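One structure follows; several queries about it will come next.
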Amino acid sequence: MTQSAPPISRFPVPDLASLPEDIRQAIGKVAEKSGFIPNVFLALAHRPAEFRAFFAYHDALMDSDQGLGKAERELIVVATSGLNRCQYCVVAHGAILRIRARDPLIADQVAINWRKADLTERQRAMLSYAEKVALNAQEIGDEDHDALSDAGFSQDEIWDIGAIAAFFGMSNRLVNAGDIRPNDEFYMLGRE
Amino acid sequence: MTQSAPPISRFPVPDLASLPEDIRQAIGKVAEKSGFIPNVFLALAHRPAEFRAFFAYHDALMDSDQGLGKAERELIVVATSGLNRCQYCVVAHGAILRIRARDPLIADQVAINWRKADLTERQRAMLSYAEKVALNAQEIGDEDHDALSDAGFSQDEIWDIGAIAAFFGMSNRLVNAGDIRPNDEFYMLGRE
Amino acid sequence: MTQSAPPISRFPVPDLASLPEDIRQAIGKVAEKSGFIPNVFLALAHRPAEFRAFFAYHDALMDSDQGLGKAERELIVVATSGLNRCQYCVVAHGAILRIRARDPLIADQVAINWRKADLTERQRAMLSYAEKVALNAQEIGDEDHDALSDAGFSQDEIWDIGAIAAFFGMSNRLVNAGDIRPNDEFYMLGRE
Amino acid sequence: MTQSAPPISRFPVPDLASLPEDIRQAIGKVAEKSGFIPNVFLALAHRPAEFRAFFAYHDALMDSDQGLGKAERELIVVATSGLNRCQYCVVAHGAILRIRARDPLIADQVAINWRKADLTERQRAMLSYAEKVALNAQEIGDEDHDALSDAGFSQDEIWDIGAIAAFFGMSNRLVNAGDIRPNDEFYMLGRE
Amino acid sequence: MTQSAPPISRFPVPDLASLPEDIRQAIGKVAEKSGFIPNVFLALAHRPAEFRAFFAYHDALMDSDQGLGKAERELIVVATSGLNRCQYCVVAHGAILRIRARDPLIADQVAINWRKADLTERQRAMLSYAEKVALNAQEIGDEDHDALSDAGFSQDEIWDIGAIAAFFGMSNRLVNAGDIRPNDEFYMLGRE
Amino acid sequence: MTQSAPPISRFPVPDLASLPEDIRQAIGKVAEKSGFIPNVFLALAHRPAEFRAFFAYHDALMDSDQGLGKAERELIVVATSGLNRCQYCVVAHGAILRIRARDPLIADQVAINWRKADLTERQRAMLSYAEKVALNAQEIGDEDHDALSDAGFSQDEIWDIGAIAAFFGMSNRLVNAGDIRPNDEFYMLGRE
């Protein structure tokens, strides 16, 4: 059913050898950790300054040890990427979510419809706000922030939810505009 | 991350023993074939007349040996169920699609965004029409039918595409209204 | 203003004589009762298995003597078919609604905008849920079911409302995809 | 199924005797012609200056003997009022359309879905533009005007189409905001 | 960045000398007051009866000394014209709003997103209702009117809000369909 | 009409003195250049890592000397921020657009409705693609990229358009979620 060797991006993918040293090292590091190079690294590499800012921003939001848990952060990514219908982000972060939540089912549930997923009330409040940031941020008001406070989220955590939903609002659009393809390796990660 | 023992439906699920004989046999047959009872059979069983009509209709559309191939039929189900954000149908028919297409990746691709999936031009024409039936049937016109004829579909095949998209338009709504939960077994089928 | 002799469907309409005996009898029975053959019977007849399942399902939902009243069931059909902009279903079931409700005005009101129609609070609660099943089933949650319970609907009646809205979600799509034309006879029924 | 004596507007309806002479005469004239007072005259009468401007505007657009035919003008009203889900305008102008087009079926068809109605190509081009003015005027461009020129419409006729769709964009909103109720008499006019 | 001498309308703009005396006088009067002829006067002049009705209606709604304040009326115009993405109305009425509210910032805020503008609770209630009239009048119900009563608006003021939002629903569509261009003079008015 | 001293963000704004040295310097530099501190710098300062990544990304996309011109880049920002209804970005980047394009009118035009603005065909092609990235990136396909190539854009320029629309898709959501307020100084810049 597949076409042979689909490209990983509409845009040029540079040779690793031609890349600036820091970018080559960053790619080497993720390849070592994952066992493969996630395509988004290759697809952004033709723009070194944007590559550096993108991953610095990503890591500041997703790898923090404070506030939201790491699985919670991935829940936001998978839910909003599903709403934005971004294949790369759902497949790649779905894998990470399965691993971080130690739950082989949750990512597919949340990607399709978080309202029907196995979630706690706290998680539902979090994703309800993330959905509004993703789809209707212009109408956010006091009542949305109050609902999160009522659910026990701190101001710092509320910022995190909004910032992650906003960052993947960018990432989903970049990927959809550039037809960046998820690596085949992601699909099975964390399912066993 | 899951709540313990989530129910399979908002509505009552009858004991197998209490069901009419033909329905008990139908359930027995699918359980034998699948190795488990797909929850939609249990969730519809409290309404025997609707159960019989639903599965008769389903089988007439999905098990036909004429016209569209079986994997093509499942592509329509997964694509439109993704657009309608129906967890049960994406998870269950995603499994069947993986098996029928002998492709472990295609279902997740199509569920999220069929436009970004590994598809042939013929399949894209098919899903473009199915999407319009699912989301905007009131605007279907000659140009939509002409596009399918141009792509090589017969009148009978065009009917199939529309009828499958329409039938799962019903099924997706039943499932979303009733919170019918996909069996855990579906998630891994056809992935290896 | 009309074009001469518009076809009743985009798809082939078989000769009555060529149909399986049970389908010919079903058509004969409705023709006797109505005084004419509703076009949807002719438009589905080229697919006998689908024809049988469609009308078995329809009758299970619309002709039941338990739970919702028959005029209430038709209210759901006309309201959701109006939202889905399905000419055949609004015209045909509008006629049935006028007859069953013994009200010559209600169908036109509900077809255009049920919120502005002459309805009881119970009927408004029913159509509010039916509208959500028709247009936004993926967001249905506890609060929607609670509103119906509060309005006095039993679990069986709630199922009926959702199932009718879902079934006509299919029927409306079939009709819009196939350009199935309502019989001229329906327009005046129940208006005097 | 109806509640007894529903009001004709959310807002105050003045006594005829209290109205300015010119408005009383205007109402008398329409009552004589129609056999009853259309409720919109009563619902606007509490604002004499708005009443005068509304009907002057209405008559300038709908009673002109130049350019578009009178039935064509009513087609635009019924189609756009259906899209805007305005019960009063669909019921009242549906009656006028049936009379002016001498066609008992066309109004119900167009109100539900003009794409599925018995229309000429010229009429379809006209309603396609009217729909865009009603629903998406901000995106109108050269291609929309060119399509009308290609279909044989003069600049004056194109203005008429847009102006009628815009005027009923106002009228539909006034009626929906004020819950102005169509007179029972309209429903049967022009159906025989 | 501009093209030279863009036309002020897609439709013919008559010579002032050729216009009926009352229209010439009306245009003279506004030119004297404003220092220039607002283009909408020229763009409507080819239709004298519509011109007269349009401005009579406009003045009845916008120049009243009763009920809503004049700056409040302009708030409604700028907010709904922004939602309808009408360049002429936002630019021209933005200028009037700045002048009437003696506030150089408020118009740009409200045009982009009234929810984020410097407004009182009373003004927010007003614009919330105006937005619903502009975008979703078919769903207006008791709760919307109750919210305005609770915020202290009289029935006459509620009518004004709805009528202004409805009138500019028409005006915005006329302008977008006709590509009527705002005069350059408006942009700087009231900014100092 | 304004409330006294509205806050510049829903979230905490740190003292300049408490900030890391590099961030204090970055803020000092922009204050020197602009004559005031744009509020977005203060609103992001409580998150130093995100602040650094955000502005590094912003500068990589907006200050490049290659490919798209700087006024073109600002056109994309103002158009998409208008579509996303982001007050801060429209007001602040509207000012920059006026300055870079040396055109006092273009920003207000584009913010409200770029289709009605004084633009070249090349600019229209650019904003049509940017709009699709902003609102409907999931449906981008070959035809969208071909339209840009046909309009003379290089692959690098197409990337820029998409990346800018995506970045401000993030920025607009951050600002709307955090209610970040534009400085009063922006409104008049570039208008003389």
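Letters are used for the chains, namely A, B, C, D, E and F, taken in the order the chains are written, and counting of residues starts over at 1 for each.
Following the convention adopted for this analysis, a contact is a pair of C-beta atoms (placed from the backbone, for glycine too) under 8 Å apart; a residue touches a chain by one contact, two chains touch by 3 or more.
Source: prediction; values computed, not measured.
Any chain touching chain B that also touches chain E appears here: A, C, D, F.
Centre-to-centre, using mean CA coordinates, chain D is 23 Å away from chain E.
Spacing of chain E relative to chain F, judged by their CA centroids, is 28 angstrom.
With centres taken as mean Cα positions, chain E sits 43 Å from chain C. Chain geometry summary: the mean Cα position of chain C and that of chain F are 50 Å apart. Under the contact definition stated at the top, the residues of chain E that touch 2 or more other chains are 85-86, 113, 116, 138, 176, 179.
Taken pairwise by the contact criterion, the protein chains fit none of the simple patterns, being neither a path, a ring, a star nor fully connected.
Of all the residues in chain C, the ones that touch chain D in their complex are 1-3, 6, 71, 82, 85-87, 90-91, 101-106, 108-109, 111-113, 116-120, 123, 176, 179, 181, 184, 187-188, 191.
By the touch rule above, chain D contacts chain B in their complex via residues 113, 115-116. Residues 138-139, 141 of chain D are the ones touching chain F in the complex.
Chain E contributes residues 10-12, 47, 49-50, 52-54, 56-57, 59-61, 84-86, 133-134, 137-138, 140, 145, 155, 159, 162-163, 165-167, 169-174, 176-179 to its touches with chain D in the complex.
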